[in-house]
């Protein structure tokens, strides 16, 4: 059974700006979906901000193995309820691939617990993404670096928690560096942040960038059944303990006192 | 200058339950503050849920180097605004020591980005905290384990991100294990979660437990100036780059088009 | 193509001790190989200490995707040259699954860079391995814990580097705990240490233990081409740099001076 | 009591090359020792390759809290016995600061368990070390980056284990990047690798570089008593277990059979 990938895009620049529309006539989500959809082991669909529930209903998320997320100018319009729903699915085991300006998305910030801030510059400069962890599944089939002729600069410090793995680090023509491919786990879900993808450049038509996204979909996929009980805090009664016990010690409730909960 | 420690406690069990009141006549916060306040390098104060702004005003947090947090039955009453304020101070460099049932506090959950759930049992059983990382600053001066005669059980899986360091792992009489002392960094702030401390037992009168808390205060203290700009995402203009640049490549704005923001 | 697994065993207890021979008439390696060999995606062979080159020739290692290692009484007889050869293959991408008393094997110690010491006791007590990271590939298909009726005890501190992931933590009847399933990366190779497996008990006939070993083989497998150049330190000439340079600054060699190497 | 710092240097380039001698008339070790020795909380001495036991006797190491290590052309001349001695002291709690070309030193390689290889180029280009982890103790008092006019290039992949913390990442004029300040723990010892310091450039006269080295000495210092038993694997007899046990289950030795060791 193929991996079910959903590409989520805020899809606003495409509506408002002729340049972006010319680059991505089907939207950034459309460009990514076309590339990933050509892989026989990936089953790809899309969802966007302006759809009901942002296209991320409970049913849609249950049927999503890996979610890609691109957002920028409308992070604040994403409903907190939907963010909580996506976060819960990540905890249950859904993979999440966070793209470019989605470093400031609500969903990435609540999963990281940090500001996720950085420096930036829009000057169309060269970005060179060095492969740091060469045999990592996400880097399979790449040369020692990916060079992108025109990209927005993101510079350190990138205020994320220390990653589980650093897969790419970027060099920018203007003098900065950035941890541009980093992995995390939250609950049963794997998370990959990948830096390139400014809306004004044809980055999502770059074959190597698309190759990374295909690798990322496969890496982020967790075939285990969803861990739907991950939010629970079950009580284990004393007589059902692995080593059954008698209750002892002080007791919270004095005799005759009612419980407070 | 001593390290400025604030002990925060929800302080509800102490008001409602005679047993807890007998164990902690000055509140759990009072017991911890008395112990830590006896150290010449620690300057200790307290704050509680029912004070205005939960006792955690902007001014109070600015003057706090390390915040301890105990909560249980009233996690939901803690204001989201205060939680965001505390989180921001952690990012800036304030240390945070999270105690026992505060695994489910809002502040710990937003910093971890995970459910922070676990199993539990209140049976007064033996807990033995093994020192895993013997020369860690938080374990200084301890024997190879701490044994507590009566404690509540917390069992794995504890749904936190992979810790930076595991300092203690607990063995429980009823057959479970738990990562009972774990460290994290979020922004410039150091975080230590420490498991023991059920309100019905005299755990915060245990000299070894108090010793850990003293060590934790010193470990979590970050002497660097507060990183108050950590939420910012500054633009670095092309002509102010470390290697000054000319802008090139496609441009987001067509000639004559107004900016969209 | 199936994953090529080689089970290495020192195979000495089986020769010297009737009890071990009765438990493992084909050797510990034989018992593991029989179980893993029944999987259609695993192609299993064995190697033992007393074979020429311990059965680990250059050719054999080149054809091994994942190596299992069991050793105990004869760690010191393993040749340093073979250890270096195995280490290099791990760096190139071969997976390594380190079993029980192989915590003190030369190969595990050189890959960890730490003593890998621990406490121990042989009393046939109960071991209960709790699954800490429930949706990790190595834990797939398991209940919340594995209980083993009779095992040797290993106790913390286990002097390894902080693991990449902690998958299992053990509870022992006699009161100790142990990080009994931990993962690492070294170069392109994935490493899994798994605690159970004392030679005097039928642990490698336990279906859940064998299930973990099957999962581990799949997890440790790296399909990338071997990173055979990982030991190299290539020079990048100034005129072949990604951004070609002129040499500048002080020069190590005065005019007319001969190079020192 | 001040922190006892020993600066170890291979001290060969200084003997063989006039340029290096002019830059470092007292040797690289002398330059570093002079800078660190000016700090009132540091007590500094030096040791070099050609001294008996490379200047690293058991007594000297026992009196060393933090060891700095610079080597390059003579890594192979360092005795394996001395390397094992230093490694053991790191395990016991001695801090280790590994400088520049010592990425290929025996001591760093045995502590990492990986090749520690990298790319390199000697072209006198600009290196800009970005502070990634701004409030880390090693980065205290620094601006957002350190710029060095002339340095040797080291490029990724740097084949080390995933660091505990990444403090600096370097940008090079020729187009490469490098994780130039990374931390590790091995046993009770803290390890910091710091990239700059090619012998042909005056890097160890750069005030910011020296500032990092001072910070590193303080960070790497572990005030705990030496963990001299860290190599031991003590037996815990069944009747001395935290929960005393009767021995049960199969027995390794048949009645009347002699033990095999």
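Letters A, B, C and D mark the chains as written, and numbering starts fresh at 1 in each.
Here is the rule we go by: contacts are C-beta pairs under 8 Å (C-beta built on N, C-alpha and C of every residue); 3 or more make two chains touch, one makes a residue touch a chain.
Bear in mind the structure is a predicted one, so any value in this text is a computation, not a measurement.
Undergrad: Identify the chains in contact with chain A as well as chain B, in label order.
TA: A chain counts here if it touches both chain A and chain B, which gives C, D.
Undergrad: Would you identify the chain whose Cα-based centre sits farthest away from the centre of chain A?
TA: D
Undergrad: Counting only Cα atoms for the centres, state how far chain B is from chain C in Å.
TA: Those two chain centres are 36 Å apart.
Undergrad: Indicate the whole-number Å distance between the mean C-alpha point of chain B and the mean C-alpha point of chain D.
TA: Roughly 31 Å separates the two chain centres.
Undergrad: Out of chain C, which residues touch more than one other chain, so two or more?
TA: If we look for residues of chain C contacting two or more partner chains, we find 128, 134, 155, 162, 164-165, 171, 175-176, 185, 187, 242.
Undergrad: Would you mind writing out the residues of chain D in touch with chain C in their complex?
TA: The touching residues are 13, 16-20, 23, 73, 87, 91, 104, 110-115, 117-125, 149-150, 153, 155, 159, 161-162, 164, 173-176, 184-187, 199-202, 230-238, 241-254, 257, 260-261.
Undergrad: Which residues of chain A touch chain D in their complex?
TA: 128, 130-134, 144, 155-158, 162, 164-166, 169-172, 175-177, 179
Undergrad: Show me the residue ranges of chain C that touch chain A in the complex, using the header's touch definition.
TA: It is residues 93, 128, 134-135, 140, 145, 147, 164-165, 171, 185, 187-188, 222-224, 227, 242 of chain C that touch chain A.
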